[in-house]
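Two complexes, one shared chain (chain A), two partners (chain B, chain C).
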Partner chain A sequence: MRMFFVLSRLAWRYLWRNHRRTIVMLSAIAVGTWAMIFMTALTRGMVDQMIVDGISVIPGHVQIHDPEYLDDPSVNNRVAFSDTEIAARFSDAGFTAWASRVRVPAVVTSERESRGVTLLGIDPAAEKSFSFVDYDNVDGRFLEGPDDKGIVLGAKLAETLETRVGKRVVLMSQDPDNEIADRGFRVVGLFHAEMEATEESYTFVGKHTAQNMLRIGDTVTEVVFLGDDYRDVEPVYNKVVGLVDDSVRVSRWTEVDTYLGTMMGMMDGFMLIWVIVIFLALSFGLVNTLVMAVFERIREIGLMLALGMKPSSILGQILIESMMLLAVGLVIGDFLAWATIKPLESGIDISVVAKGMEMFGAASVLYPNLDINDVILSNVVVMILGFFASLSPAWRASRYEPVEAITKV
Partner chain B sequence: MNIVLRLAWRNLWRHARRTWLTIGAMVFSNTLLVFMISLQFGMYGLMIDNTLQVFSGHMQIQAPGYKDDQKMRQVVPKVRPLAAHLRQELGTDLVSARGWAFGLASSEERSYGIGIYGVEPEFEARVSNIPGLIAQGRYLEKEDASEIVIGETLARNLRIGVGDELTLLGSGVDGSFAAAVVNVVGIFNSGVREIDRNIAEMPLGTFQEVFYMNGAGHQVVILAPDLDQAQALQQRVEAMLPADDGLVVHGWDALQPGLRQAIQADMSSAFFMYGILVILVAFSVLNTQLMSVLERTHEFGIVMALGLRPGRLGRLVMLETAMMGFIGLLLGALCGALFTTWFTVNGFSYPGMEEMVANFNLPGRVYPRATLLTMFAGPLVVFVFTLAAATYPALRLHRLHPVEAMRTN
Partner chain C sequence: MNHRFLFPLLLLAMPVVSAGEERDATQIVRDAVNHWRGLTSYTEMTMVIHRPDWERSMTMQAWTKGDDRSLVRVMEPKKDRGNGTLTDDNSMWTFSPKINRVIKVPSSMMGQSWMGSDFSNKDISRADDIIDQYAHTILATSEEDGITVYRIESIPNEDAAVVWGSEVLTIRDDHVVLEHAFFDQDGELVKTLKSLEIAEMGGRTIAKRQRMVKTDVPDEWTEIAVNDVQYELDLKDSVFTLSNLRNPRD
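Moving on, here comes the complex of A and B:
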């Protein structure tokens, strides 16, 4: 232990002997670390936002459907048991939130235009915690109950249809016998969403109204559940699986929207690759610095060895030197990253490329997300890889033949 | 060989390991840059081609406002004569007229809302690659036949195949009820989910009849021989339009604003990463050259005392750096080229990429596009930054006093 302190002190002093070199290397490490964390925070923020927005459009972390429904979202593929039975099964099971709904493709027609939409027949009270619609940010009003006779459209859709609150539209879909099922609705509200595509494709009506229109009695096409954290839906998933039989399919959100599911996995992969790439770019400089540091004190090393210092201590001293260099650089870099990300946390406006971001499925305001796990991961990876990169120069230094080393000019 | 060149070359190899490590940093970054940039431009090219050639063309003539609202009554009157006129005037076949309507398509078992295009069967294949993507059956043939081709996903969802009948319901240009029964003669597979699920094409003549178009359509699609000529062609087309119709010509970036912005967004994050790599290399070079200058202080003192001007010494240092940078540039471009070429032949893919890039109409495997520009742009920037990094050590020489310098050891 005492040896360690002695070596550490030595290492620290050696580090500052050639302060210019150390400062240049520190700057490199700091910039590298800053870039690692900054970039990761931006990307993490974007992906998180995408997932949060995305999940809010396919609401529900865990969902129950008919096994055929995801491939063929038709009214013919309804959940096998009735809505009453669903309520009986799940009401008292202790879920954070759950809802059952009717979700089918439909066509909405105004006097002027027609468009294809996704019809959502919902119970607004049960959906409150799921919905991507902020009930308070609706022109007009939102649905009041499952029996509401009105329809709520996206603001953008209403514009295309040239309709507005108070006017009537016709909704067309098919019933289980493939007869056209249609019904007139009065537009009671227009909702606003982050992305135009959302406003264009979703329309809300009362669940019972939808069931009547589609002539499907007391049945629904999906049941959805909310967990506490979208990253970890297993507890909810297992609980739901335990409550149903094989007649329905239980899916996690990552299976319902494979794009988002993939994005989340990719994010972690990207993060690691980025950290490693930066480290590799840094490693050349790091090894170089150590090689130089060793080279310019070969004679001293030889002298120490001749005086009886063990080769392992030389090895240790150089490794400590390298670790110190990295650690100081990392701390500065971490601080820089924190200092640059904090002021940006209220959001970066990138609406100049909003349409493009929409192709990624992302919104036009970017909220960097400084995740402590990302910071720890990048720091740890750099330290570990840095240790291995330093082994070779340190090893060489400890293997010098004392006599040769001392006489070296 | 010039004496200065020889001197610089020898100085470079005094510390071969250090020089190679510094060059290594350059080669690493250059290889990565060449590969990433080639991949990026390969992807962008593919994104643009796939998106534009599938459907939207390089430019379209439309009624004002149609691009944003896509309303039935925003028509291009006498659309077929207009297209014929343009074909004649421009001396090209890459012009085709289209109509678009939204409708409910019903088979025996299912109904879905889809976008129905009326196209000119003889010319559509010139502007869009959908006619070439027929997987079953054939493409449309006659101008006024009751035929339709649909996407593969739509066919699956509707549960129909070639030879089956499809009922279309929608509203005509005047808002009146429009209906038709057509035969499915072909099924296409574009590989783009949205298109395969939502789109059908029928002959323009039939389309005009069914939707009471009265000879009108919604767009004239024009394809330039390649993307670079699109701009010039657009100006010619604009000049050719009859002034009193008030029609407008939209270029591809207006038709697909998301495309350009997605590319911009992707580019800016990519350039951030490239910038960081370049800066890290620059630090590495700065460190090396600073060391190499500092350790030669004694030597420099002597030659300066002998009458050598600091400026010449500075040029020597710059020359050494340039030599080192040049080796890095050549090796880096070479490694990058080899690396990239391998992927140009075999394609580049990673797990999950298919879901990721489907949003951008990209296949699950992309082929980087290696050109002289992608091969040397990155390495040249690295080279310039390498030289810039060496200016500090080179300029320091001006502050050197011969006598003091000779005393340092």
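Moving on, here comes the complex of A and C:
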């Protein structure tokens, strides 16, 4: 142990004997670390946003459908039990939030245009807490209840249809007998969403109004449940599975939207690869610095060996030097990253490239997400890989023949 | 869209009725509709689809029975011969001999153009909603060539599957529709169906030539001219079946 302190002191002093080189190396490590953490925070922020947005549109962390519904979202594949039964089963089961809804493809037509949309027949009160639509930020008004006769469109869709609040549109879909089910609706509100695609593809009507129009009585196509955290839906999933039989299919959101589900798993892998790539670039600098430090000190090392220092101590000293360099660099880098991310957490406006971002489902405001696990991961990876990278110069230093080393010019 | 009764009008035109007493607007429209309802008809007609850079014409045969059954089959041009459309109530099927398939027109396609014309599938398949899904009022009454002409404004009910703000029908007292104008919900004229030529055919006074024009593209129109028409035929129900749509039997 004493040996360690002695070596540490020697290493620390040596680092600052050639402070210019140390500072250059420190800044390289610091910038590298900063880049790792900052980029990861940006990417994670983006992915999180995509997932949160995506889930809010799906929405519901756990959902119940007819077994066929996910492959064929038609009005024929409705949940096997009626809405009344659904309410009886779930309303007292203690879920954070849940709702049953009618969700079918439909066509909305104005005087001038028609567009394919997803029709959502909802009970607005049940969904208020988790809907992607902010009920208070709607032009006009949102639906007032399941019997509301109005329709709420996305602002972008209304623009495409050349319609607006107060005008009527016709919604057309199919009933279970493949007959046309249609009805006129007055536009009562226009909602706003992060993404234009969302505004273009969803329309809200009252659940009972939708059931009447589609002639499906008291049935729905899906029941959705909200948990506390989208990353951990198992508790809700197990609870729901316990309450239904196998006439319906219970799915986690990762199964409903496999793209988003995969995205989340990929993020962690991507993070590790990114850290390693940056480290590889960094390691050349690190190894080079250490090799130089060893070469410069051949005589000194020879002398110490001649004075009776064990080769293992030489090895230890060089390793400690490298670890100290990395540790100081990491601390500075972490701090830099924290200092740059914190002020940006309220969001970075990237609306200049919004169209491109939207293509893969990301919003135009980026919220960097500094995850402590990412910071730990990058620090640990750098320390471990740094240790291995410095092994070679340290090993070489410890293998010098004292006589040769002392006499080396 | 809402010329639910429009196409049958085109196909059948109006029988002559002795000018009645003062009637209210709904009655005028109902009479107009009822006069082709319950009857059968066979029509040969030519449809001209005009665009600024091209024009094509098709000759078609059409059979109607009752208020909502119709069958239309293309005779000319040769490459389209046999293409057919069958409607029954609100459903619609098309048949194309080239692919030898009967296709039920899905609800998503009901708003699309029928055979490339300015009529939509919905215009063709729906025929009887104008009476009960609208509120009718007489805007004006005038006299033309000794016949009373009514201008009737029809406003769709709140939940009617109709996008128009209002429709204005100009109907002669002898039940010939002179004009059918479609207004959007801001009161702007979107399209108009005009009778260009009125003649006596098949024993009745009918609109021989009618043209549908969209207001903002006046040089694009579809015109339907009746070449021959017969009324009160004895048409079997088997005419209006999918098998007859596929395999014509005369």
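Everything below uses one rule, namely that the second predicted complex is superposed on the first by the 409 of 409 C-alpha atoms of A that agree within 3 Å, B and C clash if a C-alpha of one lies under 4 Å from a C-alpha of the other, contacts with A are read in each partner's own complex, and residues count from 1 in each chain.
One rule holds for everything that comes next: a contact is a pair of C-beta atoms (placed from the backbone, for glycine too) under 8 Å apart; a residue touches a chain by one contact, two chains touch by 3 or more.
In this text, all values refer to a predicted model and were calculated from it rather than measured experimentally.
Novice: Once the two structures are overlaid on chain A, check if chain B and chain C clash or fit side by side.
Specialist: clash
Novice: In the overlaid three-chain picture, which partner chain does A:N178 touch, first (chain B) or second (chain C), both, or neither?
Specialist: It touches chain B and chain C both.
Novice: Taking the superposition on A as described, I'd like to know which of chain B and chain C A:L280 touches: first, second, both or neither.
Specialist: first
Novice: Determine, for the superposed model, which of the two partners chain B and chain C contacts more residues of chain A.
Specialist: B
Novice: Counting only touches as set out at the top, which of chain B and chain C does A:T160 meet: first, second, both, neither?
Specialist: First partner only.
Novice: Figure out whether A:A394 sits in contact with chain B (first) or chain C (second), or with both, or with neither.
Specialist: Once the two structures are laid over each other on A, A:A394 reaches no partner at all.
Novice: Between chain B (first) and chain C (second), which does A:R112 come into contact with in this model arrangement: first, second, both, or neither?
Specialist: Touch status of A:R112: both partners.
Novice: Considering only the touch criterion stated at the top, classify A:I318 as touching first (chain B), second (chain C), both, or neither.
Specialist: neither
Novice: Kindly classify A:V294 by the partners it touches after superposition: chain B alone (first), chain C alone (second), both, or neither?
Specialist: neither
Novice: Which partner chains sit in contact with A:L370 here, chain B, chain C, both or neither? Use first/second/both/neither.
Specialist: Once the two structures are laid over each other on A, A:L370 reaches no partner at all.
Novice: Among 26-34, 62-70 or 98-106, which stretch of chain C shows C-alpha clashes with chain B in the combined arrangement?
Specialist: 98-106
Novice: Show me the chain A residues, by the header's touch rule, that chain B contacts in one structure and chain C contacts in the other.
Specialist: 105, 107, 109, 111-112, 114, 116, 172-174, 178, 180
Novice: Taking the touch rule as given, give the residues of chain C at its contact with chain A in the complex, in rising order.
Specialist: Per the stated touch rule, the residues are 1, 90-91, 104, 106-108, 110-111, 156-165, 182, 184-185, 190.
Novice: Can you tell me which positions in chain A touch chain C when the two form their complex?
Specialist: So the residues of chain A touching chain C come out as 105, 107, 109-112, 114, 116, 149, 163, 167-174, 178-186.
Novice: Under the definition above, what is the set of chain A residues touching chain B in their complex?
Specialist: These residues of chain A touch chain B: 18, 20-21, 24-25, 27-28, 31-32, 35, 39, 42-43, 72, 74, 76, 105-107, 109, 111-117, 159-160, 162, 172-174, 178, 180, 258-259, 261-263, 265-266, 274, 277-278, 280-282, 284-285, 287-289, 291-292, 295-296, 350, 352-361.
Novice: For a test of understanding, state which residues of chain B touch chain A in their complex under the given definition.
Specialist: 15, 17-18, 21-22, 24-25, 28-29, 32, 69-73, 102-104, 106-115, 156-157, 169-171, 175, 198, 257-266, 269, 272-273, 276-277, 279-281, 283-284, 286-288, 290-291, 294-295, 352, 355-356, 358-360
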